[in-house]
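Letters A, B, C, D, E and F name the chains as they come in the text, with residue numbers starting at 1 for each one.
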Amino acid sequence: MLNAIQFSSFSEFLNMGGYAFNVWSVYGLFTIFLGANLLVPMFKKKQILKDLKRRRVVNKNARPEINE
Amino acid sequence: MWLWFSKLGSPKWFYELSGRWLPWLVAAMFAFLFVGVVWALLFVPQDYQQGLTNRIFYVHVPVASISLAFFPLMAIAGTITLVWKMKLADIVVKTAAPLGAWFTAFALASGSIWGIDTWGTWWIWDGRLTSLLFQFFLLIGVVSLRSALEDSDAAAKACALLSIVGCINVVVIKYSVDWWNTLHQPGTDFVLSSNKANGPDIWVPLVLMIGAVYLFFAVSMIMSTRNEILERERRSQWVEELVDNL
Amino acid sequence: MTVGNSTPTSAAFLSTLKRDLLIAYRRKNDVVNPFMFFFIVVSLFPIAISPDADKLGEIAAGVLWIAALLAGMLSMDSLFRADYEDGSLEQLLLSPHPLYFMVLAKNISHWLVSGLPVVLVSPVLAYMLNLPAESYMTLFLTLLLGTPVLSLLGSIGVALTVGLGSRGLILAVITLPMNVPVLITGTLAVQQTLNGATLAFYLAILGAMLLASIALAPLASAAALRISVN
Amino acid sequence: MTVGNSTPTSAAFLSTLKRDLLIAYRRKNDVVNPFMFFFIVVSLFPIAISPDADKLGEIAAGVLWIAALLAGMLSMDSLFRADYEDGSLEQLLLSPHPLYFMVLAKNISHWLVSGLPVVLVSPVLAYMLNLPAESYMTLFLTLLLGTPVLSLLGSIGVALTVGLGSRGLILAVITLPMNVPVLITGTLAVQQTLNGATLAFYLAILGAMLLASIALAPLASAAALRISVN
Amino acid sequence: MLSAANLFCERDDRVLFQGLNFDIEEGQVLQIVGSNGSGKTTLMRILCGLNDGYKGMISWYGEEISEQIENFYQSLLYIGHRVGVNKVLTPIENLRWGCSLQAQLEDEQLMEALSTVGLRGFEESQCFTLSAGQQQRVSLAKLLVSPAKLWVLDEPFTTLDLRAVQHLENLVAAHADAGGAVMITTHHDLKITNLSKLDLG
Amino acid sequence: MLSAANLFCERDDRVLFQGLNFDIEEGQVLQIVGSNGSGKTTLMRILCGLNDGYKGMISWYGEEISEQIENFYQSLLYIGHRVGVNKVLTPIENLRWGCSLQAQLEDEQLMEALSTVGLRGFEESQCFTLSAGQQQRVSLAKLLVSPAKLWVLDEPFTTLDLRAVQHLENLVAAHADAGGAVMITTHHDLKITNLSKLDLG
């Protein structure tokens, strides 16, 4: 069922039968698209937890009143 | 059933459940993605008309077809928000809108790049393209409305309503744009999938990629949903415990 | 306590309509500006594209429709704003009548004041842009049926954004895409009747859109208002 | 009293610029919406006029200029409004520095945020509207020089109307006519360079307009602000 | 007539009130007291159906309020922080529209109400030429002609001068005596017999 | 330092004040009193140059004010009804910009000022998440770091709680003691020695 690899060399693969720009830019954008939507929520989670931690500490210690 | 429904509405329950599922989903996503991409790039035979640009097919089609599902999804979640005031549904409306905009943007971009060689132009004012473009605009509208409304309760309801209205509109726009286009450019049909009939070499990687993109959609939605839950429930006991245990 | 008879909804509807027309009459800017805006935007096109009569004639219908759409949409902002700010909107929400009719009354008054003048002046501008003479009637009738749809749809967007401090262009971004079907029908009507299609077909479609939006849009606006006032 | 060194005007200028950019970064809508409006308005034209590439190519330059003008003008509203409402504008008027520079800083930040994205995306839209490829550069450069002029002129109108409760379309009616010379120069440049004229001439004119409006418009805006705050 | 059971409201993660129970009966004047930001305005808006960010049960003559919202609105007069007076209309035009939603009244009745609240001679001036206190009076003129049994007044004394305050207090007392009910917030001490208070802290 | 001679102001055909003469000297606290609408805010805005609908002469250290507006503005700190706090910026960002127009300060000084007014822990929250009183405090933090000699404060006590009011009064007194001058409106009784009053009726 599986065809053979369609390319005989790596440079041929990179060249994509002359459509290198189109194919690779689409796959590049695809990577960005996936990456952004996976990494951004990941970092955001870290940030949120850090922020919550900080606030937890602040809420325990701070007196939100005027200090004389 | 109802119990399950209301439990699903409980953010804490969802957070814990999704926390257990997420690693598996991520693993499955990467597996599908890896096999799908390698197959699509390396093994799929050249198309007699399009040459090797048919590789674009395997990312364009899954993303484009899922992007059409966003407004229905948001409209359903929005209805649940308005009628049953379920918090989780609003979170879905909130996280789906930007992700939908990404999906739509990528469908537009990959389609355009594909078009460079198949049509000889990046863009034509064809019915399907135009309606997808306007879907993109409407999604940006939902995102903007959300970010403009500072009061989160009002924002939730306003976006839910806009999603419902927008869903109707996406449908109407699609039909009217098709009508407009076919009256004007009867010839501009896509060089669509004559591919489909061509046997498993062509469609198995497509199925894999569709699976991968669906999994990606699920993973990304779940991750943003979990973040949103953390932010909204930050005063609740279970989040405080979670934070303290870090 | 001097108590009168309780009001039928029709009387409340008329009273709201009359009030809004009276306010528009007092604030003449609201009447004149959409009209002026329409005029100015349309006259930018001969300047920006070409003063050539033939070229203008080809694009005239589209330009007039787009300018009418923009003028309508940008004038919508005043539909609920003053009422929101002075508290009248709350009074409206607390009236014992279906909000649907109250919103409809405001929509009608707004269209009479800012949409109708644009429709009425459109033949003049069509002449200035050299629209083919056979199309005047089509343009006029489609605008007459189409601009109220635009108003009704726009009012949903306005109701959603009335509570925002800084609105900027968000109203436009929300509502412009919704107007596409109307725009398509209107401009197709002008082009296709020139090619021999029957006007009645397009008018029927616009009429159906108008009926649907009269039936549904005020409901959505009413729901949106309740959300915004919250 | 902890007293620092008194501020040179350049530092106050930079601080105001930075603040406005920061606000724009926080209120992402102000950045995204003018851009989206531009995009949406431009995409209405193929729908309203014709999806035919050749026809679109003829009107592309004019359409892009008009859409940029409208987007710029309608986004202007946010230039001073929030500051007026929260009192920051008064603080600006009471700063020991020439108001000219403060207004200029706000104008620059506003253009960077709402004008520049429009200019940057214009080649893409030019492509979609099938503008002749030779004209991309002309269009881009004329917009790059022309939109700041539109912003600077618009800011006078905004400063005059910032105190008005209901603005509606009055800003548009005031400022659109002022923008006609820029529009003419910009679109002529595109047409005439296609016919072989030199671009430099038009760029020189636009450059002169830009210099003149940098020199004068903030003065007028500053005066208008003093009047509006009164 | 109006009763609330087990009301709970939270805004911005801060609980404003919880487990709140109270009734208003005919003839009663209920003053809601509490410091700034304690939720007085929020409570009133919840009761009037302008805000649905609450949990609990509100009923009107024993039935749930959402079941019979039109009856309720027919009997309700709410005057909030923003008084609902359009600036370009004249007092008489404002009053005419404001009342027309609930009752059909003759212009003479409206004119009389306006002159009772001290606006004789101003009936035909546009409201932006009136002072803040006079605008407040326009909205209070509604109290004189409305058929509503329940008045909900949110800080109605702001910007009023002493004589007007006195007049309004008398009006409130008279309304209660005639079988109406009044719910009112103010930081000012009311000299009304039969006053009950609800303290939000 | 600041003196007004024969000031006259009319708004909407109503004379607010006429023949008004007064001086503010170093070390003085001047409270402007008067009923609502008597023109307190208008007077302050006239003195600051935000309103030019007046007749008369205002001078700064003996010279006409318009001749040396930049010197004057270098020494002036005005906090009006609208306090100049942007809602989307954080307190530290607001303070940084607000001060940068007059003086170059280090971030540490600003942080310290914010924690002195009780905003420790809120330096990085956007201001729309702060309560009205906290927003007011952001603007008052400027008093701690500004080099201005003349403070013009229009109802600075609104929305502040009792401790904050006390703190602000101390601040005003200390500023006067250190050779500054303060002009202030409030309906509240100031417990400050060496207070002069100007009554607008």
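Everything that follows uses one rule, which is that a residue touches a chain if its C-beta (ideal position, glycine included) is under 8 Å from a C-beta of that chain, and two chains touch if they have at least 3 such contacts.
Note that the structure is predicted; figures quoted are calculated from it, not measured.
S.K.: Counting one step for each move to a touching chain, how far apart are chain A and chain C?
M.R.: The fewest steps needed to get from chain A to chain C is 2.
S.K.: If I superpose chain C onto chain D using their CA atoms, what angle of rotation comes out, to the nearest 5 degrees?
M.R.: The two chains, chain C and chain D, differ by a rotation of 180 degrees.
S.K.: Which pairing of chains accounts for the highest number of C-beta contacts?
M.R.: By contact count, the leading interface is C-D.
S.K.: Averaging over Cα atoms per chain, report the distance between chain B and chain F in Å.
M.R.: Centre-to-centre distance between chain B and chain F: 53 Å.
S.K.: How many Å are there between the centre of chain E and the centre of chain F, using C-alpha atoms for each centre?
M.R.: Chain centres of chain E and chain F, defined by C-alpha means, are spaced 36 Å apart.
S.K.: What is the distance, in whole Å, between the centres of chain A and chain B, each centre taken as the mean of its C-alpha atoms?
M.R.: Those two chain centres are 17 Å apart.
S.K.: Spell out, as numbers or ranges, the residues of chain A touching 2 or more other chains.
M.R.: Within chain A, the residues that touch at least two other chains are 55.
S.K.: Any chance you could list the residues of chain F touching two or more other chains?
M.R.: Residues 87 of chain F each touch two or more of the other chains.
S.K.: Counting only residues that touch at least two other chains, what does the list for chain D look like?
M.R.: Expected reply: 27, 29, 33, 36, 40, 47, 50, 82, 85, 165.
S.K.: Of all residues in chain D, which touch chain F in the complex?
M.R.: That would be residues 1-7, 11-12, 15-16, 18-19, 22-23, 26-27, 82-83, 85-88, 90-97, 229-230 of chain D.
S.K.: In the complex of these two chains, what residues of chain E are touching chain C?
M.R.: 48-53, 70-71, 73-74, 76, 78, 80-89, 93, 96-106, 109, 113, 126, 144-147, 175, 178, 180
S.K.: Touching chain B in the complex: which residues of chain D?
M.R.: 27-29, 32-33, 36, 39-40, 43, 46-47, 50-53, 56, 127-128
S.K.: Within their complex, state which residues of chain B touch chain C.
M.R.: Counting only chain B, the residues touching chain C are 82, 134, 137-138, 140-141, 144-145, 148-149, 151, 153-154, 157-158, 161-162, 165-166, 169, 172-173, 175-177, 179-180, 183.
S.K.: Per the contact definition, I'd like the list of chain C residues that touch chain B in the complex.
M.R.: 156, 160-161, 163-164, 166-167, 170, 173-174, 176-178, 180-181, 184-185, 188, 192, 220, 223-224, 227-228, 230
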